[in-house]
Amino acid sequence: MAVDPNLKSELQKQGIFVMPVEFLYNWSRKSSLWPIQFGLACCAIEMIAAAAARHDMARFGAEVFRASPRQADLMIVSGTVTKKMAPQVVRLYNQMPEPKYVIAMGACAISGGPFKDGYNVLKGVDRYIPVDIHIPGCPPRPEALLHALMTLQEKISKQHLNEVSWYDKNAPSEFPVPQYGAHDLEPPANPKVWEPPKK
Amino acid sequence: MDAIYQLIHDYCPTMPDWLALALAILLPIAIVMGVFLTVFALLTWVERKALGRIQNRRGPNRVGPVGLFQPIADGLKLLTKEDIVPNAADKVVHFLAPVLVVVPAFMVLAVVPVAKGFIAVDLNIGVLFALAVSTASVLALFMAGWASHNKFSLLGAMRGVAQVVSYEVPMVLAAVVVLMASGSLSSVSIVEAQRGLTGWFVCKPWGLVGFVIFQLCAMAEVARTPFDLPEAESEIVAGYHTEYSGFKFALFQMGEYVAAITMGGITVTMFLGGYLGPGCDLPKFGWLISACWFFAKLGIIVVINIWARGTWPRVRVDQLLGFAWKLLLPLSLVNIVAMAVWHFAPNKLVGWVESAVLLAVAIVALVKINAGQTFEKRSYRFTS
Amino acid sequence: MSATGIIQTQTLEVSLGPQHPSTHGVFRMDVVLDGEYVVKLKPVMGYLHRNHEQLAEKMTWLGSMPYTDRLDYFCSMTNNWAYALAVEKMTGLKVPERAEYIRVIMAELTRLLNHSCAIGFLLSDCGAWFTPVLYALREREWILDFFETVSGARMMCNYMRFGGVRVDLDDASLAMARNIVARWPAFLDEFEKLMTENEVLLARTQRVGILSRNLAINASVSGPVARASGVEYDIRKVDKYGVYDRFDFGVPVGEAGDTFDRYMIRILEMREAVKILEQALRDIPAGPFIAPEAKLRNFKVPAGDGYGRIEAPKGELGFYLVSEGGAKPYRYHVRPPSFINLTILEDMCLGQKVADTVIILGSVDIVLGEVDR
Amino acid sequence: MIPPLEQVREMLSAGAAKSSLLVEREEAVAVAQFLKTDPQLQLDFCSCVTAVDYIKQDCIEVVYHLYSVALKHGPVALKVRAPRALEQCRMPSLTPVWRGCEYQEREAFDLYGVKFDGHPDLRRILMWDEFVDHPMRKDYVPPMDYEWEPTPHAETLARAKQTGGTVPASALEAKK
């Protein structure tokens, strides 16, 4: 796939720029990350603050908050995911078209955070869906969200077309939505995405 | 078309006739499509930048110089996104709807004279064609909403149909005055009829009222704020295109923006003198200068659109329809009468005054008649 | 409209939320629509039920203070105050005067912040494409800067303590607060100039979502929503908690009880809050900022129960606490204003259009952290 | 048994801490009506409704905090008790008297299992409908769904050991 660097520089002297398809693909994806307009809790306010005048997420082309998951690329899980909300979060994630990314914003989304002891709090959104970037903080500052966005862009620019999961026929395209059970969500975690740490 | 055919013939006499003819037909289409697609891409960038300025932000500035490549990135990304068709959707209609949005939007371009002597097809029923074809998008709206099998989509589609059908009426009636003044349906002769220092139709009382009505209706027709009810984000999520992802969604966006541009182009042609402007008749660069004039005027319309979007709340569906039927429709009818008065007046000044007075009276009367909906002044007491 | 009887129509059940652009978080309304008209509306909540009350029962008295921040995450300061006030009522702790003034300053700044954002979001629900919100958030940042210099955190301030506040205000931060207060009227004027006279806004909000005075009282509605309906009830005036009796300010009361009144009451309350702030910043005395007898560690509350409440920006925020005399509360209950204000949501929305429900919800001004706790 | 007017007034003047009124379940509605309509009391604003689980006394107490908007006094705490056992844990709803109780009584039902007779719409409000427990009761055992807990919360560790969560040795070490 790769172009010989000597040939590339030779061509460049002639005014021909060789650019791998992969670069263009990654560049377009990372330059236009449209988040889904979806706030869960306190962190959602900081997410809005990140889109507001002082921090302005629009600079990265990421201000197009789409209300419909079908048109979004990025899910910012901004706040506590409760057990009552978890099926909806998974469903929203399933409804987003590939390629899609998840930022777990704040301590609650990562692990349950301060509310970890609660009976209705999911201990981390990564029990059900794969997370690309975790941002610690309660709530993380808008700067932290911008940093996460840039980290995600970096991550995207390092992806290779022949390795990404969404062209893999065997990779799961939909994640099972947990059911409301009599005492807890069933199942309490998706074993394909997450498994408890070993003893 | 003939001019281009002649040009090809002159420069390349060896070319067979059929090829020259085909080129003469296809070349303007390609140019118009290319130009307007570029304008569309630029417009999304301009809109995001301008909204940013309205909201004290900077807008996109990381992708390319001052964010200029943002539309390219967006387009490429949407092109490579997964295309989701819901299981319960009507697959054929679901696929056809976005196509049907884009096609009429581009078809209208055929009759917009972009520069002096440059028009894709100079139809003798140009304006009629534009008005008729642009309405076809309502079918696409309804198809999208119905086929998606989503309640929000359906609500959006119903709103869209009601809105487009209602606003079509005052829009056509507002266009009638222009046809009366120019005596032609051809867009080129409409432009040519506006020559002179105050020749633009917008400089006349009936033209001004017609322009305002037409512009409002055009905004409603292409569902721009404050009339963006079919896709009202805060109420029905994304309206008729809730279930569209990837490039189909991009097509919807493109259709909407191109329709906004073409409706702006029609407005410019009919009321703002089209490509006319100082220097448009120069022998050598006249076409370039006239194109600049055209796009400058189009820019004004576009800025009005963006400005409205960034600052105005959205109206409610009953208010939207009431506005069309109770205010715009009677006003556009009166406007036709005013045009007739202006036409048959003994001299220009009398006609000017008569039609202006008639319209002013009509506007005041209509506002008074609809006074049931006027607003209260409220006072508040303070207890301590 | 099916009322004509000629056309047979079918109602449409739509679930607005929990992910919806204008439900202010994870709130859901099960709406039955007849065309565009709402014929039935049932709010569904609990999507952000974070077990605040149970967690607090496992924690020391002071341990719950940071959790109160996360109740109504716009107004952490007033939440802190309500909790501190309830505990102080039960223990009989006296709060030094300077601390009372600092609390008033913080609470009124919180009111400015909350109301401006609430109005911004209301207009955003009307479809004004974020512009008003971003104007409000622009000003909010200045207040957050102030909170950050004082308490170390932007949003989750955790600033109040039983018997006072955590750290004193120095002269520099007082000057910062004066600066904010000085520029606020200009911002309000700009905001009102852009919005209050806007015909579309008037048409959308006037005579929409009317709440009668009697229903408001019967349904325990409090705060700006109740006052817009003509209920002359402001806990700052009735309970005279803190040092509110020393300030000269009015309580705006509306007549019509519609969405526009709720909008205007918030604007007017902000203007009154600026008055309070000016007086408080002028008169703030020197002295200790926390009661010397207040213990931070090993804090115990005598057995019994108590209810303390304040006028939070969204309404009456109360804490009902039961103590067994130990280091932890036996029962800890929050009376969240926005939860109880939702009781009348269906009554206000019936017969309105679906587009109105979102602005009525916006004008009630809910925060889901508080509704679900 | 309608409480004598003087008693309620005395309570009102004594201040917030001491003004509670424990009534029998059967009389709750009558007392509530009296408190609301009596011209000298006019407690028309039911501010706060909540339940408390007194596990030692084997009862669940529902507390209503009443204020008066008209006369601007209060609060009076109206307390009603019911036994803890789920079948007997019922009491009359005061929603017909004060609309404001509606959601708060639903919440008490959801979290404590108190059934309110006469409530117009008694469903779970915070937890999902399929949920069977009443999680705010003192004897509720939450599902064990976190396997590793690095924080040295004694209770958490003990519960993890009891209910079969995995506790790594390092956490136990850190606890010692």
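Order as written gives the chain letters A, B, C and D; numbering starts at 1 within each chain.
Going forward, a contact is a pair of C-beta atoms (placed from the backbone, for glycine too) under 8 Å apart; a residue touches a chain by one contact, two chains touch by 3 or more.
Computed from a predicted model, the values in this text were never measured in an experiment.
Chemist: Would you say A-C or B-C is joined by more C-beta pairs in contact?
Modeler: Most C-beta pairs in contact, of the two: B-C.
Chemist: Please compute the C-alpha centroid of subunit B, do the same for subunit C, then give the distance between them in whole Å.
Modeler: 43
Chemist: Measuring from the mean C-alpha position of subunit A to the mean C-alpha position of subunit C, what distance in angstrom results?
Modeler: Distance between chain centres: 32 Å.
Chemist: Averaged over CA atoms, how far is the centre of subunit A from the centre of subunit B? Could you give it in whole Å?
Modeler: Those two chain centres are 37 Å apart.
Chemist: Rounded to the nearest whole Å, what is the centre-to-centre distance of subunit C and subunit D, using the mean of the C-alpha atoms as each centre?
Modeler: Distance between chain centres: 23 Å.
Chemist: Residues touching two or more other chains, restricted to subunit D: which are they?
Modeler: 126-128, 135
Chemist: Note the residues in subunit A that touch 2 or more other chains, in rising order.
Modeler: 52-53, 67, 84, 117, 119-120
Chemist: Mind pulling the subunit C residues that touch 2 or more other chains?
Modeler: 20-21, 46, 49, 51, 54, 58, 130, 134, 138, 232, 372
Chemist: Between the chains shown, work out who touches whom and classify the graph as line, ring, star, complete or other.
Modeler: Its topology fits none of the listed shapes; call it other.
Chemist: Okay, what are all the chain pairs that touch?
Modeler: A-B, A-C, A-D, B-C, C-D
Chemist: Please output the residues of subunit A touching subunit B within their complex, sorted ascending.
Modeler: 24-25, 27-29, 31-32, 52-53, 56, 58-61, 63, 66-68, 70-71, 73, 95, 97-99, 166
Chemist: Using the touch rule from the top, collect the residues of subunit A that touch subunit C in their complex.
Modeler: 36-42, 44-46, 48-49, 51-54, 67, 69, 79-80, 82, 84-85, 88, 92, 114-115, 117-121, 138-139, 141
Chemist: Can you list the subunit D residues touching subunit C in their complex?
Modeler: Per the stated touch rule, the residues are 16-17, 20, 44-48, 50, 52-53, 63, 65, 69, 72, 75, 77, 98-104, 111, 124-128, 135-136, 155.
Chemist: Quick check on the complex: what are the subunit B residues that touch subunit C?
Modeler: Where subunit B meets subunit C, its residues are 51, 54-57, 151-152, 154-155, 159, 225-226, 228-229, 232-237, 309-319, 373, 375-376, 378, 380-384.
Chemist: In their complex, what parts of subunit C are in touch with subunit D?
Modeler: Against subunit D, the touching part of subunit C is residues 45-46, 49, 51, 53-54, 58, 89-90, 215, 217-222, 231-233, 238, 304-309, 316, 318, 320, 322, 330-331, 333, 335, 339-340, 342-344, 372.
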